[in-house]
Structures are given as structure tokens and as C-alpha cells.
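Note sheet for the following structure.
By written order: A, B and C. Residues from 1 in each chain.
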Amino acid sequence: MIVMAFESLDPRIKRWNLSLQRNEEYQSADLDQLPTYEVFLQMRDGKAYEHAGIVHAATADMAFVFAKEQFSRRYTCTGMWVVLSERVWVTDCMELEENVYDHIVDTSINADGPQEEYEIFHLMKRGKQHKHAGTVGTTGHQQAILQAKTQFDDGTPVLNIWTAKKADISATDAEDQVIWSTLKDKTHREVISYRAGDRLKAFKERQNG
Amino acid sequence: MYGGGNIFEATKFDNLTQEDPVKLDEFEARIARGEKIEPSDWMPALYRKQLIRMIEQHANSEIIGALPEGTWITRAPGFKRKMALMAKVQDEVGHAQLLYSAAETLGKSREQMMQDLINGRSKYSNIFNYPAFTWADSTIISWLVDAGAIVNQLANSKGSYGPYCRALERICAEESFHLKYGHHAVIHLATGSKIQREMVQDALNRWWPPMMHFFGPPDRISVHTEVLTKWKVKMATNDECRQQFLDMYVPKIWELELTVPDPNLKKNEQTRQWEYTEPDWEEFIRVINGDGPCNKERLAVRRNAEERGRWVRQALLTPEAKYVTPLA
Amino acid sequence: MDRAGGNIALKEFLYKIADDLLILGHRNSEWTGIGPLLEEDIAFSSMAQDKIGQSLALYQLLHELGEEDPDKVAFMRKAGEFRNCQLVELPIAEYEFSLVRHFLFDHSIFLRFQELSNSSYHPLAMVAKKLVGELRYHVLHANTFTKKLGTATEESIRRMQAALDEAIPYSLGIFEPSPYEQELIDMGIFSGERLLCQTWEQEVMNIIRQTSLKMPDIDRDQAKTGGRSGIHTEYLQLLLDEMSEVFKLDPGAEW
């Protein structure tokens, strides 16, 4: 059997001098898995922060650096929050028009202790993203949800609640907004830069004429 | 970018009788109502398994799909094409990230998925096993393969699993630029100089057969997936997607005075269905099982990228940080 | 100052910055799709696109000053006509080299653009003012990674140190003074390479000090210069051949 020398069509890959023949299986050492951070974006000043997705990162700083490119490559934002997935508490998820606030059991769990601020996020419809509802000051995440009920439950069904300590959330500040300042000029990512209607029309006229 | 294909294994061997019938009923009723399933919901093991497989394959297709077009990034002609192609391939990596993240909500780690991809245990869209010989190939891929992917993605975006739908929403928004860019680039070649016209016609000739394979085997020889359709995991049949693609794009190809290398391709005005030479499904099976022109290279490149990057990922690991399944 | 007196000095100044950005943007784009981590792949690619976009803005300024259109200037010149420093044309090598190059170069261009925001040449000041914001992100990224990889594991420190040792002599070539240096300073275009280099050294050291890395002891005369007068390594012509391969199939065509 003749073994063909492997030559990639990609000049970058050609420079790697890759071998195609590997006998051992690929193993991710200890399945090295970075922790994940939940990312929230504020699209315009004054609007509520909304969940966008996650990034894998080593630290909050790195999560921010990554999230900025992964989630705000196209649409200008005014703010970004990142928080370790591990630091977010979640309630059960309701269905139909059930309100999770109707199922909160009053409890004295973690009622003692220092006061801290907790951010509350609501999911109003399955399939949509969680949105920031507000902040409560309290002694623990169970209490935070109880408190949120008194402050944010207006009867409109909320399907699911997330809560996290404000101290665990890394946030951008006003002066960070400058990093998004040139986004609107990145027209190379916009549909508007790729109009070829006139060219096509002129071609058709040439072919028919 | 992701098309259909031989992704669903036979479901008749998977046993639903082990599942709690009450919970199963509630689960199916929720789906029938059009409500999304979220990560914390109860779900049958089969649903979880098939969803992981489908989302994983889609994610794999994006990261592998970055390679044929990536071939031309350093050689893109002119600033406009250079920046556009960089942005497009970047989006594909971004889509892989979004999709792996969605699959992670179901309990499989990204590293495990990457490992399975590299070791040939999970699949990706077959079309990326073909070589991008010229610049025109990259434009045909950007146009037609993305067009096919959009047909598929739009169908799947109405599926039942919340995280996957949310990822697809983002993806579909970004894909609109891909399609426009691809079409723009092909139009310029087709309406340009002789060299350009010949290059793009040649590329189309080579990519048409894989494109006809893109949506997977015809419904009549496909694996039965009734339960997956009921669960809104599989949203449209292979043939439905293929017909939709032909309907939307063959006229656009013809208006550029390019020829499609299939003398039998035409729309039957009575049935309103496109007729074409039956693609070679034996070749499809051969290629998807490893015997295509670029299979080995694609996986070798992915493996190499992971291995070269290992020291970076290991340096980023922090002993105190614990990985937990992401939320949504 | 809108009408450029000392046109030659100004053009040469613009060319060297534009060429730096184009060549480095091109090099960094080589990582798209094959980076060490998906999120990092995405971030690095954005920065590469930014740099190419920045070079385009400067080539457009040159076009307004009578030079050829940006595509021609970028895709048709030979290596000897390019004015980039040698640092940016070197191959991407392993990721540590690309990161260290990104760290060293991006600090210099950030400082340069901050200064140019007040340049007496108004069109340039406008461009610089606009682009400075995105460079803030590039430097933030570079600092975050340098600090992390420069402290994390024995392997990461070793790799980063080796890359730093290799890159520093080339990075001094960024600040190779132009024969028109005094003219540019007198015109108020900017305050000169020497001052820029000093500020750059301080910024870079600020970060290095927070790591286990050591700045190599480099003499000024070990700096790899020549790029500013068109003297390049063999890598540049290879890069340009690759970059212009398709464009040259039909240079008059619209692609």
C-alpha cells in the first residue's frame, strides 16, 4: 500500500506538518474542564439585564473578556454581568400559567446572618431568557426568594427564578462602555454591506441585450 | 452550519417502558402544547440521549465546518472579502461554543464531546469532508452550504428543547450575514471575468453532489423517527428540507447563468416537486463512515489544535473552581 | 492642521502603522478555527479583524493623500515596499509567541493611538480617537492572559518566558526612528518614537512585574530593526505571496 504524503489545501495547516496516522486515542487529560460563567447583557442604558449564555473561563476577568466577544460582537451594549454558574441558585420551573411565587414555602432557613444584596432574575416564558427583576437585601438565597415575592410578585406568572449574590457578580462600569464604541462601524458583519442587486441587474441586462 | 444526515440511530431498541408513565404523559403534553422543555425538567432518558447527540453533531459541524472555509482566510482577495471571511469563520466557532453550551445543559461536558469528536465516536455534517480547492469553493460553501444549514436550523428552532432553541435564535440572526456575503461573493465571480466565471462554475460542479447529500438520505430509506418527531426533536423530514432548498436556490443559481451538473434537475409543475438524479447514497455512507477525501485531515487538525492548546487550558484551570452543569 | 505639509514624512508615518496593523492582523487571523479554546479563538479573531479594519482606515487616509486605493496598496506591493517592523511578520509559531507578540505590540499601538488622538493632522486624530476604544479591549485581553499564563504553571511560565526572550529584540524594532522623526515632531504629528518607547516599557513592565516572568536584558543595539526602511525577514515575501495569491489571479477584477 502506498501511503500518500498528506498535503493540506490550507497553507496554515501545511505549515504544521501534521501526521494523519495516530495510533493512540485522544485523551483530554482529566477531561480538563473550565468552570462556566453565566453572562447577562444590558442592551441599552436603563434596560434590564438579560441572560445571553455562558462562557468557560478561569476567572471573572477572563469571563468578561470572552463574553464581550462571544455575546456582543454585533449589537452595542451598555453593560455586562458575569457570575459563576455555581453561585446561582435556581427554583423549580413551572408550566403553563403557574406562578412559582405561589409555590414558595415560607421558611426561616438562613434568616439569621449578615445582610447582603441578592439579584433576582425572572423567566416569564419557557424558551425565553431570564431577565433581571431587581435587587433585595437579605440574609441568604432562600430569604432572597421570599423577599422577592413581596417586592416583585404582582400576580403575573413567573415560571422560574434565579438568584445570586451581588458580590458574586462581576459587572462592567460606565467607563467600560467605550469598548463597544466602534461596534456600529463593524459593517463587515452586517447584511447591509452585501447588496449586489444592481450588479445582478446589470448582468441580466447584458445577457438579454 | 448543519444539515440532516444519518444522525438518528434506530429508536425501536430504546425502551420507553422503563419510564414513569405519568411523568412521560406530562412531558409529552407539555411538548404538544408547544411549551419548551428546560434543563431542570424531568425528561425520558431517550430524549436526553438523542438531544445530546443531535446538538453535539450540530456543534461538531460548526467547528469542523470552520476548516474548509478557513483554508482561504489568509488568501481572501481584497479587504472586504478578507474581513468578511474572518468574521464568518469566527461566527462558526462562536456557534460551536453556543451549541456545545446547550448540550452541556443536558449533562455532557464540552471536553467529553471534543474527545468523542476527535476519536471518531460522534459525527458531523458530511459535507465538510470535501476539499475546498479554490477561492470559488469557499464562496460556494458560504452561499449554498449556509443556505442549506439555514433551512435546517429554521426548522429546528421550533423544536422542544429551550437551550437549543435559544442557541438557534442567536445563530439564525448571525447566519443572515453569511448567506448575503456568500451570495454577494458568488455573484461577483459569476458576473465577473472569464477566470472568475470558470472558477465558480467549476466549484459548483464539484460541490453540487455533496450538497444533494446535505439533508440526508431520502425519507423512504431513512431511519424511523416517529417518537423524535412527536417529541419535536426532529422537526422536518430530510426530503422536505431538500425540496425547500432546491425551491429557494436553484432559480438563484440559474439566474447567474451557472449550470447545475444534473441534466435531470427540474421542477415538476404538476407535483410542484423538484426532480433530480438520485444521489449516490452508497458514497454518502462511505464518506460519513470515514472514507471521504478530507475526513482524516479534519479530525487530525482538530486533534492537533486541542493538543497544542492543552498547555493553555491547563494553565487556566484553577483548583478551587468546580465545573457544574450550566443553567440554560 | 488639515493640509499636510511634509507630505513624505506623514505618508511614511502612516504607512508604517498601517503596515504593522495589516501584517499583524493577517498573522493573528491564522488562528481562526484552530485556537486553544473556543472562547479564546473567538476573541483573538475579533482582534485580528479589528487590526485589519484599523489598517484599512489608515490606508484610506493615505489614499486621500494621493496614494493608490487600499486593496492595491495591500495586495500588490512587494516586501521591500512594506514599512512594518519585523516583529509582526514572524510566523505565528506556538500560541505563547502569538500571545506575547499581541501583548507587546498592542501596548505600543494603544499608546500610539492615544497620543495620535491629539495629533496636529486632523484626519489622523479623528481616526485614532475613534479606534482607541477597541484597543482598550485588546490591551485588557493581553494583560489578562499575560498575567494568568505568566503565573499559572511551570510549563506556561517556561513557554511565555521563551517567547518573551525571543520577541523583545524584535519589539524594539517597533520604535525604530524614522529619518523624518524631527519633522514629524515639529509638525505636531506625534511626539516621537523615543518617548513612545519609554512609556511603552513602563506599561509593559507594570504587567510583567505581576508575573513570574523576567524582562530579558536587551541592549538597544540588539534591536531587530530594518523593517521601517523595507528590510525584512524572508517571512514577509512568503506572507505577501500567500495573501495576494487569489487577488493576483486577476488584479483588475472585482472580487
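Throughout what follows, a contact is a pair of C-beta atoms (placed from the backbone, for glycine too) under 8 Å apart; a residue touches a chain by one contact, two chains touch by 3 or more.
The model shown is predicted, which means the values in this text are computed figures rather than measured ones.
K.L.:
Which chain has its C-alpha centroid farthest away from the centroid of chain A?
P.N.:
Farthest chain from chain A, going by C-alpha centroids: C.
K.L.:
Once you count every C-beta pair in contact for both, which comes out on top, B-C or A-C?
P.N.:
Counting C-beta pairs in contact for B-C and A-C gives the edge to B-C.
K.L.:
For chain A and chain B, what's the span in angstrom between their mean Cα positions?
P.N.:
It comes to 22 Å between the two C-alpha centres.
K.L.:
Where the centres are mean C-alpha positions, what is the separation of chain B from chain C, in Å?
P.N.:
37
K.L.:
CA centre of chain A versus CA centre of chain C: separation in Å?
P.N.:
The computed centroid separation for chain A versus chain C comes out at 31 Å.
K.L.:
Using the touch definition from the top, which residues of chain C touch two or more other chains?
P.N.:
Residues 30, 34, 37-40, 42, 46, 49, 53, 148, 242 of chain C touch two or more partner chains.
K.L.:
Give me the residue numbers in chain B that touch at least two other chains, ranges are fine.
P.N.:
Touching at least two other chains: 67, 70, 73-75, 80, 83, 87, 90, 94, 97, 110, 188, 301, 304, 310, 313-314, 316.
K.L.:
Which chain A residues reach two or more other chains?
P.N.:
Within chain A, residues 11-13, 34, 55-59, 62, 70, 73, 188 contact more than one other chain.
K.L.:
Show which residues of chain A lie in contact with chain C when the two form their complex.
P.N.:
Residues of chain A touching chain C: 11-13, 15, 34, 55-59, 61-62, 65-66, 68-70, 73, 178-182, 185-186, 188.
K.L.:
Can you tell me which positions in chain C touch chain A when the two form their complex?
P.N.:
Where chain C meets chain A, its residues are 30, 34, 37-40, 42-43, 46, 49-50, 53, 91, 130-134, 136-137, 140-141, 144-145, 148, 242.
K.L.:
With touch defined as at the start, can you tell me which chain B residues reach chain C in the complex?
P.N.:
Residues of chain B touching chain C: 63, 66-67, 70, 72-83, 86-87, 89-90, 92-94, 96-97, 100, 110, 135, 185, 188-189, 192-193, 195-196, 301, 304-305, 308-316.
K.L.:
Where on chain B does chain A make contact in their complex?
P.N.:
By the definition above, chain B touches chain A via 30, 33, 35-38, 40-41, 67, 70-71, 73-75, 80, 83-84, 87, 90, 94, 97-98, 101, 104, 109-112, 114-115, 118-119, 131-133, 162, 165-167, 170, 174, 176-177, 180-181, 183-184, 187-188, 190-191, 255-257, 296-297, 300-301, 303-304, 306-307, 310, 313-314, 316-318, 321-328.
K.L.:
Would you mind writing out the residues of chain A in touch with chain B in their complex?
P.N.:
So the residues of chain A touching chain B come out as 6, 8-13, 16, 18-20, 22, 25-29, 31-36, 38, 51, 53-59, 62, 70, 73-74, 84-86, 88, 90, 92-93, 95-96, 123, 126-130, 160, 162, 188-191, 193-196, 199-200, 202-204, 207.
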